[in-house]
Amino acid sequence: MQRIGVFVCHCGSNIAATVDVKKVVEMMKKEPGVCHAEDYPYMCSEAGQMKILEAVKEHHLTGVVVCSCSPRMHEATFRKAAERAGLNPYMVEIANIREHCSWIHKDMEEATEKAVILARAAVAKVNLNTPLQAGESRVTKRALVIGGGIAGIQTAIDIADAGYEVDIVEKTPSIGGRMSQLDKTFPTLDCSACILTPKMVEAAAHEKINIYTYSEVDKVTGFVGDFTVDIRKKARSVNSDKCTGCGVCQEKCPSKKSLNEFNRGLNTRSAIYTPFAQAIPNVPVIDRDACIKFKTGKCGVCEKVCQAGAIDYAQQDEIITEKYGAIVVATGFDTIKLDNYDEYAYNQSKDVITSLELERIMNAAGPTKGHLERLSDGKAPKEMVFIQCVGSRCSDNRGKSYCSKICCMYTAKHAMLIRDKYPDVNVTVFYIDVRTPGKNFDEFYRRAVEEYGVNYVKGQVGKVAPLPNGKLLVQGSDLLDNKQILKEADMVVLATAIEPEASVRKIATMLTASIDTNNFLTEAHPKLRPVESPTAGVFLSGVCQGPKDIPETVAQAGAAAVKAIGLLAKDKLTTNPCTAKPDELLCNGCSQCANVCPYGAITYLDKEVNDHGIRETRRIAQVNSALCQGCGACTVTCPSGAMDLQGFSNRQIIAEVDAICR
Amino acid sequence: MQELVTRAKELLKDGTVTRVLGWKNGDLSYNPEPAFFETEEALSDFVYNGFCGANLSKYMIEASKKEGKTLVFLKPCDSYSFNQLLKEHRVDREKAYIIGVGCKGKLDIEAIKKQGIKGIETIKGAEMTDACDTLEISTIYGDKTVSYDDVMLSRCYSCKGKEHVIFDEQMLESRDTATKGRFDEVEAIEKMSPEEKFEFFRKELSKCIRCNACRNVCPACSCRKCVFDSNKFDSAQKANVDTFQENMFHIIRAFHVAGRCTDCGECSRVCPQGIPLHLFNRKFIKDINEFYGDYVAGEDIDAEAPLTHFEFTDREPNEERG
Amino acid sequence: MFKIAKNNLPALFRKIKEQRELYLPIRAAEQVNYGVYTEDADVALETLKTVKSPKDAFFPQSETLYTCNKEENKWSITPEELQSQEFVVFGIKGCDVKGIEVLDRVFLSEPVDTFYKARRDHGILVALACNEPEDSCFCKAFGIDCTDPKADVATWFVEDYLYWNPLTDKGNALTEAVKELLEEADDSKVKEQQEATKKIVEKLPYMSISLDGWNGDVLTEKFESPLWEELYKPCLACGTCTFVCPTCQCYDIKDYNTGNGVQRYRCWDSCMYSDFTMMAHGNNRNSQMQRFRQRFMHKLVYFPANNDGMYSCVGCGRCVDKCPSALNIVKVIKAFSKEGGEK
Amino acid sequence: MPLNENEFRPKIVAFCCNWCSYAGADLAGSSRLSYPADVKIIKVPCSCRVNPMFILRAFEKGADGVILCGCHPGDCHYSTGNYYARRRMTLLFSMLEYLGIEKGRTRVEWVSAAEGVKFSQTMNEFVETIRSLGKNVRLGDLRCKN
Amino acid sequence: MSHRNYAEKIKEISGVNPYKCMKCGKCSATCPSYSEMDIKPHQFVSYVQSGEIEALAASKSLWKCLSCFACVERCPRDVKPGKLIDAARQLVVRERGGDYLSADEIPALLDEELPQQLLVSAFRRYKR
């Protein structure tokens, strides 16, 4: 029989305002096994924890129930407190009477009744708890960064600077990511390439960083401290060691009609290409879908012109298997498809473009060599309209429910740059709200209005219609003047919502990292653990976690790096002791549990047993507790109930069920 | 039948096997029992006829622990059970010499008695050599005849087939006995309203006396200790004190053998209260086939079992059937 | 002696039910078992053997003994009420009547089982003679005359009538209560029927069964016989034989957690089960051979040794019909007499 | 909302996996998205930890509805757990339906850690369903009813 | 009926939650009857929010709306002012009692030149 102490937390008024904590204390005193119950305003405070320490000593407690906030919050706190009091930390259970009770119920009687039941279930469970000992596992001192944009580059540099090996896996032929596509950056208007390129070079030159471009993660197994990852190095068809990056092959390549992804498809590129001039590595790849040699077997121009003899048509995808202690996801974003927004005529007119396309147009290396011109006829525009919140803040299933966060600022930047370079162009920005929370952000936006004369109209555009004269009729509303606006524009720029890179879903599944309905990776805690995934050993960097601008991305990249370094700095990790454990006398040796174990933690052994006097050799399941993660799939597969899960045993769960249904 | 005895004697004599697992003559004309024979002389009691319904594969769990090989006679449906046990490492292939025996459908003495036949003295027509069309039964109340096809075990009317899935050699011919779809009965129940279903199963299950015959005869229920006997799980149940326990036992038993049950029909054969227990197992088999593709437990030892396997596109539990 | 026309039996049942609960063979889902009579029950009196014996009426498969409830920190104990209303068990065969005598030996001897006694005190047995015994019957081996059952009332089906003969005070009282439906009759027809049935009994396949060799001081000899090692092998260790048996009387006492209390109940147990009489140190009998031997030694040796030679088998043949592996007490008896004969 | 005394207050057990659904319930809590107090949550590491026996046990002891919440298929913290749970529950629910147990009494819902809204909506709906089904009489142990 | 109740009624008929509106004005941007309306489509939402139903009921806009549903199509927040207007219209029509148009009257009104859309629109507006 346990001697259980129950501690009911007020959480200030968070719990106590809705739950009669005194009543819970009184009710708990009547529960079997409970020999002490008390309440306290803040159990998680040092003073609150001391209450546990004192009660354990005074009442010789063997188990502790804390009725408080979610165990995800303070289970660890109270386990440590119990440990300080000399108890096994796993003799503590939490009754979640805040998130699951006081915060969602208004009626005091009802909430108190529920709190009593939740506490009762926790007491019933503790009655069956047994002390558990955590094991240890090794940490591989190497990190993997998935994604080679500014987030991935920064994370990799920070981890590498701390002295750990880092591999970057980037699916495109070069690192650099979205930032490399930008022309200028807000709010300082410095050139994107000028600040990014040195970072790229630094990463490439770092002795601890190894970059796999044109590569993807194929498979992930293992767990925190000991991941095993298969990386697919896609066949580049160019030998990186031999290539000098002279660029002759690209010039001579006869197939030049592929859409240039880097320029958002606004112009074309050759079949053998590097995405942009500053690409790292400066080694081209052959787009086998476009290459004449691959399509017809004839051509081979690049091979002929390559003096280094680097062209290798026979190159195959290569799988590299590597072990990592930590994995950082930095997969970044893309703009959403605008197929659902017919009213903006994006698919009907070349002169309706996204902001990211405008970045390329404004860039000297872009499709128009940096000249602002209409893509339909090459004419310089006189009247430009920017539409904000295209696909953002939509709850109608056509777009995204969230604010994409960066659009207000880049639109102000675009407006300002255009007014600066082409003062004769009128710029109108339709906005719903202008959101500028950031250092020097609002000042930046005000400058656009005050100094550059950008016309901001509060109101959304309802329709963009191409006119026979080649112009675009923009119909919007001006909510402040309460009038409808009809404007003939030469170009319309859509501040298109951003969304996580499509490949993130697959990666999240491989990593068993959770993902939200918008495909953003979920953080372990929205405030306190924003750069960690709930999956141990997986960290989040950049927009894969949520919309961010560059400084935020870089800041988060650094934070993710620190978290990863913190992990890699450890020699050993203590493992979860809540692992599966077979009862050898009940085991049938049928192998069903091994078939469902996702970690290969179950093996079989022919072992001599003494079953109530009968001695025989039986085939018996063995669990490797370093590999077992404690999911419990095996326990349900086992018909005899031989396989049980420590910390969540059959009897414990049944006791909770009984206590609730009583 | 004599050829079975002759072959068994040969195998005993040449040392291929140390014992024979088969059926032994009963003391009535219809109650042969499973038996081990260790000598050639003992085989004089050997019998194989229409009343040898018992599935011997489960006895092979114990036989596998013994020294030497055991010659076991398996009917086509029994061979699935043996294979399933092999898949689950419960029997040792090396310890078994399997003669796949033919089957002409097995007789149900309860069905014979249901025809109003009692005081049975002798039954002719149940031998494997017979044509299996008519049983001539002499009773103290006079002679009766009954059509063989009318008094078979219910499982034989939806026989899985004449093939043995595992054997060392095969003897005797089999006969097609299936006349009904295997899932006809299940479908009929599925069509009932919830109230009718509830009523139907309440009526059947309230007869259950929890004798555990269904469980103990079942080759899939081969746990060393059943959860219902084990206090470890807090699930021990000795009697159906409440209607809930009647339901619980049969639902969980069926669930534990889901994807492993070879539909050998022994549960329904042995139930003293005549509860059609196979309806539980067949429901799961039907669902598995429908939801996850056709699967025959015990057919292929290397196949992925439906409950230890999954597809990303599996249906959702709340999904309407359709 | 009285009689009542067969087609008037529903009126008789209704009349009995007016004052007393009535148990009799009822067909439900194609099986006949003893059950409570209701207007829409499918009465199957002609059934020779119900699946379960009528021992349920006195010694139910499970029964609550008492209930403990927890209110606040206080426990209250409510004992289950004892049977206080009279009830009638109708249609019970000679062998099953004998089976109840066996149970009486166990439950009515000191210490008396109050639950059982209360039911026996209030139960009225209306026995029904057998007309057409079957192949698995061997009651004669235990000295039972299936044509002349001895209970509170004995009855016979002859032609279109049920003949009714009260034998005890309880039987007379029941007869009084239903007298308006009965008519006086002589017993000549009954006697004829009895003679005819006795002739059939002589022809039954198990007629030759003899219990010679089981009486006297045979305990060690039988216990140590090597035959058990062979006999038990097909046994599946299920409880079918025990649960259909009219004399098996072993039970287990268990507690059920109702959430706010505990219900203590007893339920039939079977010596065939591996956890039978499981104790802290383990089991008395840890092989199926031992458990198998126990059942038959108890029926044929231990029980008679303690009960003036009364066997605790009545030859009803239910185990013969129901054993999944076609094992039964007859095969055991025969195996031993064969061995004896060969000696 | 306080309910009057006569109103049927179902007992509902919700098994939630630790990684997604329990966190989803926490999010519902911290977002103050209410659902009836009839729902009591039991934390399990993964939906695949839930044995059909637990579900039947809940009904036995007086539950009127049982819901199992886990990570969305593909998002299981243990990669595959919820796929097994999905098959097991599909078969179990089908069997219960086959036995004439009301269909709405059992449910599986995938709720991610980010879906506090969905958690609360699901629970509201489920409680509504159970209220309309009324007390569980077909699958409970009478001894626990008093 | 109190003002609150009218507002509730409108929400009920339209099935729209006006509090989802983020006041972007996209509805007003392309409304073909915008200039004719005294209360603009986006304002409709705030009238319903604040329960000023009487002003709505008395507004010209109610009868100027063509039920073209452009606003319903394009509203990014699922607020659908067109549905609110439609609901308000229904409310007023119900208050007045009786129908303006019954289905049997239509054949007589049919005119070859009449656009089908107008007929549907009229019917949608007057027959409730």
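Things to note:
Order of writing sets the chain letters: A, B, C, D and E. Residues in each chain are counted from 1.
Going forward, contacts are C-beta pairs under 8 Å (C-beta built on N, C-alpha and C of every residue); 3 or more make two chains touch, one makes a residue touch a chain.
Quick caveat: nothing in here was measured; it's all calculated off a predicted structure.
Removing chain A from consideration leaves the other chains in the touching groups B, C, D | E.
Any chain bridging chain D and chain E, meaning touching each of them, is among A; the list is complete.
Shared contacts of chain A and chain D, meaning chains that touch the two of them, come down to B, C.
By number of C-beta pairs in contact, A-B leads when A-C and A-B are compared. Relative to the centroid of every protein C-alpha atom shown, the closest chain centre, again from C-alpha atoms, is found for D. Distance from chain C peaks, on a Cα-centroid basis, for E.
Chain C and chain E, compared by their mean Cα positions, are separated by 82 Å. Mean C-alpha positions place chain A and chain E at a centre distance of 44 Å. Between the Cα centres of chain B and chain E there is a gap of 71 Å. Separation between the centroids of chain B and chain D, computed from CA atoms only, is 37 Å. Across the assembly, chain D contributes residues 52-53, 57, 61-62, 74, 80, 84, 88, 141, 143-144 that each touch 2 or more other chains. Shared contact sites, meaning residues of chain A that touch two or more other chains, fall at 596, 637, 650, 654, 658, 661-662.
Touching two or more other chains at once are residues 225, 227, 233, 235, 241, 307-308 of chain B.
Chains touching one another form the pairs A-B, A-C, A-D, A-E, B-C, B-D, C-D.
Taken together, the chain A residues at the contact with chain C in this complex read 30, 612-614, 658, 661-662. The part of chain C that touches chain D in the complex is made up of residues 256, 258-259, 263.
The touching residues of chain B, when paired with chain D in their complex, are 186, 189-190, 192, 194-201, 227, 233, 235, 241-245, 247-248, 251-252, 254-255, 258, 280, 283-284, 287-288, 291-292, 306-308, 310-312, 314-319, 321.
Only residues 65, 88-90, 222-227, 230, 232-235, 256-257, 304-305, 307-309 of chain B touch chain A when the two sit together in their complex.
By the touch criterion stated above, chain A contacts chain B in their complex at residues 583, 585-592, 595-596, 604, 611, 616, 619, 637, 639-641, 650-651, 654-655.
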